[in-house]
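Lettered A, B and C in written order, each chain numbered from 1.
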Amino acid sequence: MANTSMQIASPTAVWAVRARSVLGGLRRAPKIPSLVLLVFMIFAAFGQWIAPYSPVAVDMAASFSPPVWHEEGSADHLLGTDKLGRDILSRLIIGARVSLSLSLFVIGLGGGVGVVLGLISGYSGGKVDAVMQRGIEVILAMPTILVALVFVFAVGRSFESVILILSPFLAARFARIVRGETLSVRERDFVAIAKVIGTPTWMILLKHILPNVFNTVIVLATLEVGHLILLESSLSFLGVGVPPPQPAWGLMVADGREFLTSAYWITLFPGLCILAAVLSLNLFGDWLRDTLDPRRRQL
Amino acid sequence: MLREDTGNDLLLRVEGLKTYFFQRNAVLKAVDGVSFSVAQGEAVGLVGESGSGKTMTCLSLMRLVPQPGARIVEGEIWFKGDNLLDLTEHEMRAYRGHRMAIVMQDPQTSLNPVYTVGEQVAEPVRLHLKERGQQAIARVLDSLRAVRIPRPELRLGQYPHQFSGGMRQRVVAAMGLTTQPELLIADEPTTSLDVTIQAQFLRLIRDLQQDSGTSVIWVTHDLGIVAQMCDRVNVMYAGRIVESGRVRQIYKEPQHPYTRALLDSVPLMGARREKLYQIEGQPPDLRSIPQGCPFWPRCPEAMDKCKEQYPPRTSLGGEDFVHCWLTEEGR
Amino acid sequence: MVKYIGFRLFQALLGLWFIATLVFILSRSIGDPAEVFTARNSGVDAREIMAAKLGLDRPVHEQYLKFLGQLVRLDLGDSVSNGIPVTQILVERMPATFTLGLIALIFALVFSLPLGILGAVYRDTPVDWVAKVLAFLGQSMPPFWLGIMLIILFAVVWGLLPPAGKGEWHSYILPGFTLGWGVMAGMVRLVRSSMLDVLDSDYVAMARAKGLPEVVVIGKHALRNALLPVLTYSSLVLGAFMNGSVVVEQVFAWPGIGTSAVQSVVRRDFPVIQGVVIVFGSFFILINLFVDIMYAVIDPRIKYTQ
């Protein structure tokens, strides 16, 4: 029962349909994940005005105060404080910025490069494609964390080095998926027509192929932000991520490990934040995939 | 070869079969009240464009509609004395692959790539005929020989990817015929084959049918094949049979405009025609079948009445009938 | 078949050589090798001794050959923080990492295969929902945090299991579970989706049309095909295990190679991290070799096309 007329829709029509479906469709997005993501985005953007304290303000007098619902807890620190008396809630709010901004940088850099590589690889085919695929497989197979350890050993620990080390992995993931999509779009009629009338290759890629792989890229980006947050927090936890005193969630979990028995809240809440953010991204991405393109269940 | 008298010794009788797809916010009426019958040894065609419900009708006969999603909601399928829809799943399994078999459209995908051809042909033998060991192998070899696969002893141990498309389709046929079923459903088995291979395969099945007296349901969109292979033909459109008759009769005097359009689009051997006719428009979207006769938007002779009400069954003598206002009003 | 395996073996050797070369380039590019291979506060003579040992006065290609020669003799130098030969450290620590990985793998397989298969077969039923929820949770939960929460519950609150370290059999439970958990989630998804694809296929429909009982249709015709993509992804799964073992060993103070890797970064101990990379790299290549051979055994199409 495939509708053949759908497959030869012109690129402009594709954009128009997409714009309408996005506006209409967002209303049906899963409520809770969307809300969680919105809250984290607001934290990331306006954190310094929302957080009750500075995330790095040390207050030794208030160290290890428990969350407000404990007897010794106080409303001054809703989620308690760590060993230096820093407010956990404020650190979580500012921590959202570290995780999200880092992920977005990596998506922008690695994802961008990956999309371009995927388009080229899928469209050109042949030897170019084979060589690029080998390279992508090698990168995909590498254990990210181990490579990151070695990399940080070599160049030192910083926000930028985390971006630099995670980007190639992301580029490889994007390139692989975009290549697959490009391979199938390449065979469609409107590409053949464009080729026949002598449209330059870059123009075909930009005007005909890119719009048709766009859905996939959006879905992939959503899912990958979640994956990146997990990776980044793991690196922070191991002490090779974003350096202190920046309040990264993974680092906060590591900070609390010494005090598991006495102050569980230092580890519990940052972990919950990671879980909530990543779970929401996965659920949202899953919904997005089913809505935009029910064919691709493998992503 | 052709039976003139098909009233007696019925093998299969389908009454008011309805198979629907239930989607989140729509019901697709893939098969919507289909009735037809097949006599023993008879070859019956089921003809229509893709999406007309032919394949779903066949899967319904074997009670193998896609799960979850599709369901047989109404009707009766009488196979000799039993209504298949009343059987338990366990009883039904004794029919599948034993008393009825199917050959599917695409030989590339209908054999399991990880088992040898011999193993796959042997399965129904072991399951239904309870033969094992040398006895089963001998029977498998016989079936492979029957479908004229050269050097079957060697081919037995090979995997599907080592066979060509035409050979694979023969293997599938062997798989179905090895238990000598009473009914063979051939679901567009030649669509993906080259023309010459196609002719060989058709001849093969016709010979086997004549030798064994198996009834065959030919599903196809190609009226040329029907002319070669079938005694009767049922034309399907949007989940319903719109015309049914003996092949000769239908070729001579098609009643339904859709049947006529189908006939006009076939390059018949020997017939000289200026140009092939193409049916305008698309088959209807099953989610929104037009009211009245579903063919009216594409019908060159549509009248106001066609848009309002589905035409009743007009008998054309014997078992032949048509659903069309033109014929109904004409008498 | 023999030709195929030979070809893969050759590829594996090539991969090992590639890793060794990468490590060599790294060791010569992150700073003065004499300093990289000596402890931070060691004196000038220590550095000169090291320079002589590495042959730094010789041309680069001779240094490279020397490095390869040492590698073949399994000489990876001494740790700069405690002077123990790296090979000895790795050999001592390897069993801990591999047993943990094996336990995690068994755990992941035991849960993911049935869940993925049943989720696909009984689609949109409670089994499927459980599979989906587990998959989502597993993919979204940071492994280090899961480990810590398990320690709090099972060791601190209930006192049932040891909080860290390697000891008797019950000390394997928490780290094994934590490591297997994340991998399990990905596998459930993979098995489920690959099974769904296979269940839609014509040959499964044909198997049903032969009258085979559902158990045979699923167990014989569908399963074997559904496992092929799972095998294809096993190199990614392996990567996930390596990532995981670094993190999980750190959480549970597990005396394995992952812990060495993290410590060596903190202590700037290049010989150790170099050894870890070589061990993980070789292991990775060997497993892939094994998987490729398995693949050829399961899928008859491979033998003839290569």
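What we mean here is this: a residue touches a chain if its C-beta (ideal position, glycine included) is under 8 Å from a C-beta of that chain, and two chains touch if they have at least 3 such contacts.
Given the structure is predicted, the values throughout are model-derived calculations rather than measurements.
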Using C-alpha centres only, name the chain that sits farthest from chain A.
B
Top-ranked pair of chains - ranking by C-beta pairs in contact:
A-C
Between chain A and chain B, what's the gap in Å when you average each chain's C-alpha atoms?
50
Whole-angstrom distance, CA centroid of chain A to CA centroid of chain C, is 23
Within the complex, which stretch of chain C touches chain A?
26, 29-30, 136-137, 139-145, 148-149, 151-152, 156, 163, 193, 196, 235-236, 238-239, 242-243, 246-247, 250-251, 261-262, 264-266, 268, 270, 273, 276-277, 280, 284, 288
Touching residues on chain A, where the partner in the complex is chain C:
140-146, 149-150, 152-155, 226, 230, 233-234, 237-240, 250, 253-254, 256-257, 260-261, 264, 267-268, 270-271, 274-275, 278-279, 281-283, 297-298
Residue positions on chain B within touch of chain C in the complex are 62, 64, 68, 93-98, 101-102, 104-106, 109-116, 123-124, 127-128, 159, 161-162, 172, 175
Complex interface listing, chain C residues touching chain B
123-124, 201-203, 205-213, 221, 224-225, 298-301, 304
